[in-house]
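What follows is a short report on a single structure.
Residue numbering begins at 1 within each chain, and the chains themselves are lettered A, B, C and D in the order written.
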Amino acid sequence: MIVVLKADTSPEEVQAVKDKIKENGFTPHEIQGVERKVIGAVGDEHFKDHLMEVLDSMPGVEDVIPILKPYKLAGREIKNANSVIECDGFAIGGDRLALIAGPCSVESHDQMMATASSVKHAGANMLRGGAFKPRTSPYSFQGLEEEGLKLLKEAKESTGLPIVTEVMNPGDVELVARYADVLQVGARNVQNFSLLKELGKVSKPVLLKRGMMTTIKEFLMSAEYILSEGNKDVILCERGIRTFETATRNTLDIACVPVLKRETHLPVVIDPSHATGHWDLVEPMARAAVAAGADGLMIEVHPDPVNAFSDGPQSLKPSKFVRLVENIRPFVQLMGRTL
Amino acid sequence: MIVVLKADTSPEEVQAVKDKIKENGFTPHEIQGVERKVIGAVGDEHFKDHLMEVLDSMPGVEDVIPILKPYKLAGREIKNANSVIECDGFAIGGDRLALIAGPCSVESHDQMMATASSVKHAGANMLRGGAFKPRTSPYSFQGLEEEGLKLLKEAKESTGLPIVTEVMNPGDVELVARYADVLQVGARNVQNFSLLKELGKVSKPVLLKRGMMTTIKEFLMSAEYILSEGNKDVILCERGIRTFETATRNTLDIACVPVLKRETHLPVVIDPSHATGHWDLVEPMARAAVAAGADGLMIEVHPDPVNAFSDGPQSLKPSKFVRLVENIRPFVQLMGRTL
Amino acid sequence: MIVVLKADTSPEEVQAVKDKIKENGFTPHEIQGVERKVIGAVGDEHFKDHLMEVLDSMPGVEDVIPILKPYKLAGREIKNANSVIECDGFAIGGDRLALIAGPCSVESHDQMMATASSVKHAGANMLRGGAFKPRTSPYSFQGLEEEGLKLLKEAKESTGLPIVTEVMNPGDVELVARYADVLQVGARNVQNFSLLKELGKVSKPVLLKRGMMTTIKEFLMSAEYILSEGNKDVILCERGIRTFETATRNTLDIACVPVLKRETHLPVVIDPSHATGHWDLVEPMARAAVAAGADGLMIEVHPDPVNAFSDGPQSLKPSKFVRLVENIRPFVQLMGRTL
Amino acid sequence: MIVVLKADTSPEEVQAVKDKIKENGFTPHEIQGVERKVIGAVGDEHFKDHLMEVLDSMPGVEDVIPILKPYKLAGREIKNANSVIECDGFAIGGDRLALIAGPCSVESHDQMMATASSVKHAGANMLRGGAFKPRTSPYSFQGLEEEGLKLLKEAKESTGLPIVTEVMNPGDVELVARYADVLQVGARNVQNFSLLKELGKVSKPVLLKRGMMTTIKEFLMSAEYILSEGNKDVILCERGIRTFETATRNTLDIACVPVLKRETHLPVVIDPSHATGHWDLVEPMARAAVAAGADGLMIEVHPDPVNAFSDGPQSLKPSKFVRLVENIRPFVQLMGRTL
């Protein structure tokens, strides 16, 4: 890290900074600039983010600038090859584009079986559906909970599609892991560190959604929480960030795809349904995501969007999903992948 | 709610919308505008946010606009008088300004006792300190956990100051509630609905921090989660939101004080330490918060900020905290309150 | 528009609101809701945004909600067919994808001729280059001004490519229009209404860049300024918005492509160079833009990016631009267009 | 500046970076870290922001980090004492709080005289009013132009209050400067560099409003444009930034007051009317601004807000302005100032 000193720093203050650097096992290198002195502190920053705060609190210090990225296990430097993550029969991050489809909420046996069957026939290779629902209002439908997990399991048995479903409470991780093939962390829980730690201990892949106001650095640090507990199977999912623009529900940060592919070996999935909030924007954003190099798509499909318990406005009818799959297929092939 | 129809909506589509409104127990009122038809749907919106999504999913509908605020128990309309919340000896929201001070993390017996004693003498009326710490990096100090809670309890016994401390995991609520007088929800957990529901069932006040990405509406909906489970004692705390500006750690949304005071009966506390991230900005922001009408301040104080385990750069030394208290006192009096 | 009244509004206040609505040539329609009364005001909102403010200022009024979009000439309702804009030999918005390439700044005769020739051979169909440069620092290179315009003209003569170049000062519009085929408004001037009005009076197309802080609604209102003065040839260009994310220079709002295509008949161009700020992100974002349905791309190319006077880090070398064109060509074809 | 090299940079690339640094008159200092090599480039960065781009474009370079602030004349290092700016009879930045009040738009002789007289009696020491109005819609009232300037002049003659008024077009600077005592740059023009340069040549003070998405650094760079042309009299005005929050028109960045006071010697004024957009939030934000250390307030007052041509919802009636002045007076005194 680089310590920038104030213009009027005293020699004693400079010495104290250098002593503190050494005391933490780092080596100080002083550079005298035209208007400022800076001190480079050489050492392994990964496990020393605390030293940055310490130096930043010292008299005479104007700024402390990190050199290394704060994540380690998530980074390309420790593992350059792309991670390909096995999800009970489908591998995300490899030659095939992941196409994860299904309803926002699991609502009933009939709704779940109908959707599972139709997305399977359209070409989806994984099934999504929420049994535990994080809703802004306490008066909204909160999910069928274990009953919903059972319906997902049944849908899997009939279609063979692996199941992705959300877990919200660290206390439910074991329960959800009994039914799900991939455990999803929702955007609002991206920095729910108790949950992340718990997920680091299970032996199933985790699909981690980026929060509405999570930087790419913080997103990778949240992945690092799971990785550092021992679970190597993390799938990243961008679902739109919050900005000043209100024409769409969120703003799809499409550039995060190549940025993440450069920074990390973990696969990157895009959720154009939540990113836009409108079903008619889902297909163009799905094409853009594929063209940008995403490893997968996560799309909300409902047999009867008007009567969906949640997220109806952004859900595709099965017939529209069929068309979407046909329309993105040539783009997937241009990117050297298959569906 | 108001349903705006598209310019080219067919009579059948209009009829379907009106039928759906009636089916949900609402009454439709049609207004034919110059370029658009709109339908007012009259009914109790509080428990019907789902109807908005339903209508928004229907063919021919361009937009659905809510009229009522989505929160009910948190709103002034159901309870106009300010809530005054008893916190084992100190009441927040009444005549006295809450001055909650203490270290970011509980680090040791000596650190905690020294800080508690010094903030008490300076004029603080509540004590803060984290035993469970939400940290961006898994490699950072994560808190002393139950050991920290015990030290907080000891500090309370020696100073008489009620304790505010964070709980992150729904599974820890019972444990933390055994030691704390006020349970804090951190900014990253403001939409951790599993945690909020659990906190709705305890009989101790909750200090709910606004998230970096949380609108005022969503903030009140998170309070509504706690209130709707039966716990009426919620204290709101603004600690800065995330914006494009990087000169400060977050952007203190000072105008949320009068906006919240207009919308809700719940007390509003400002945390200028997290909002700014720099100790030298804490005092001017504390003055501004008092002048804006806040019911309290939450301020990080550490006997030795350079060696703090966390948040050193934004922590005040005890001597600076003494001066802050003296400097804000006349502002508190101008606002008709005492310290 | 819809006027939402406060819960405790008096009959006199209601009457005053209705009178004010009538006084402005609108017709009031009252709806009595469960907790609130709302009044629909029927009339042509386009030229009446002032009425919204008037009503919003009246006692007893809680909120005023517009129903119609504030733009008229820019909207699909007044002109449903896509506008195809002639730019002295190349038409934007039609069957061919616009590929506007060139250096950030015009720097010298050799740099300009070399770039023009190489982008022409790679497949560009228009040439960009700045003679007047808006720079954050007054100490940065500010452009060659008229000398630069002459070099652009010369580059056009030798390659046949129409010229796009920026104008910053209303007083320079006439000068720039003598040389340029398309006049560009930079992101920082998107709400420079003096400049927009002046450009509404010229007979050359205007390429209007969205500002870092401009909503899609405001963007279309800025286009409306130009259209309402009589110039029908406006090309919209998204170049990234400002958000909290700093991994890229700006955040490319890719979803604005289908949103704009739904709202307006004007062509939409994407600038992936400014949107990302890194040359290695330009190609994936160019592919995504094409796949999302953009009518064109605007890309910075420089023969020697390291020695560019501006924007070197986001400029492509000619050889990389050749590869980009080859790589996007099949995507362009999939979208039913040619290069 | 600090150049961070990639992990796998070749010795030739390192040498090329060092050569480029020397070629630009800087001195390179190499530091070999654990995972990265960094090179400090020592020289006067103020006039060398281009070198950052050059280095950032070179192969092997991962990042270039500035050490010095990009502004020079605006900074405290070149001039530590607060600038006190004479505005024809009232000095901003000294012992008295600037209280700039008046209507959003100059509308008529009667409106202007009535407002001027009432704000004068209430305690205002400067008069505001717009003759050239930047409006989002081309169909909104655009101002009385020179006729408005004449009315402002007349209002000044009758009250003695110096006049602050906006100029939008570089071509109008001379005209506006003939009537105004202080020339205002609106938020949308904060990076209208043609206008800023023109204002750098006049001999009247400039009140520069921060844009909705302008960082504090960029804001000071815009001030630097004016200062570097020779005009030393720049007054900074914060009027709210754009964020995701929609409960207020903008988000008042109150912490910018102490941040700007630390960075610059220029006076800082707060506009709580535009920052909030609601008249009932103006007084609490005015108190907060004074308590935060602002040098002045800019407040919209209109004799009949309901019938104001613009900004009615955020304008105070004269009687409410009288009360505001009385209520902020003791806060002003606590800050060691007079009104």
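Basically, a contact is a pair of C-beta atoms (placed from the backbone, for glycine too) under 8 Å apart; a residue touches a chain by one contact, two chains touch by 3 or more.
Here is each chain with its UniProt name: A, B, C, D = 3-deoxy-7-phosphoheptulonate synthase.
Please read all numbers here as calculations on a predicted model, not as lab measurements.
Asker: Give the chain pair, either A-C or B-C, that is connected by more C-beta contacts.
Answerer: A-C
Asker: From the options A-B, C-D or A-C, choose the one that repeats interface B-D, i.e. more than half of its residue-numbered contact pairs are shared.
Answerer: Match found for B-D within A-B, C-D or A-C: A-C.
Asker: Measure off the straight-line distance from the CA centroid of chain A to the CA centroid of chain B, and report it in whole Å.
Answerer: 26
Asker: When the centre of a chain is set as the mean of its C-alpha atoms, what distance in Å lies between chain B and chain C?
Answerer: It comes to 39 Å between the two C-alpha centres.
Asker: In whole angstrom, what separates the CA-based centres of chain A and chain C?
Answerer: 31
Asker: Can you pull out the residues of chain B that are in contact with at least two other chains?
Answerer: Residue numbers touching two or more other chains: 213, 242-244, 246.
Asker: Enumerate the contact residues on chain D facing chain B in the complex.
Answerer: Spelled out, the residues of chain D in touch with chain B are 213, 215-217, 241, 243-248, 251-259, 262, 275-276, 280-281, 284-285, 287-293, 330-331, 334.
Asker: Mind listing the chain B positions that touch chain C in their complex?
Answerer: Residues 2, 4, 7, 29, 31-36, 38, 40, 42-45, 65, 67-68, 77, 242-244, 246 of chain B touch chain C in their complex.
Asker: Give the list of chain A residues in touch with chain B in this complex.
Answerer: The touching residues are 20, 46-47, 49-50, 53-54, 56-58, 70, 134-141, 168-172, 188-189, 191-194, 197, 211-213, 218, 221, 224-225, 228-229, 242, 305-313, 315.
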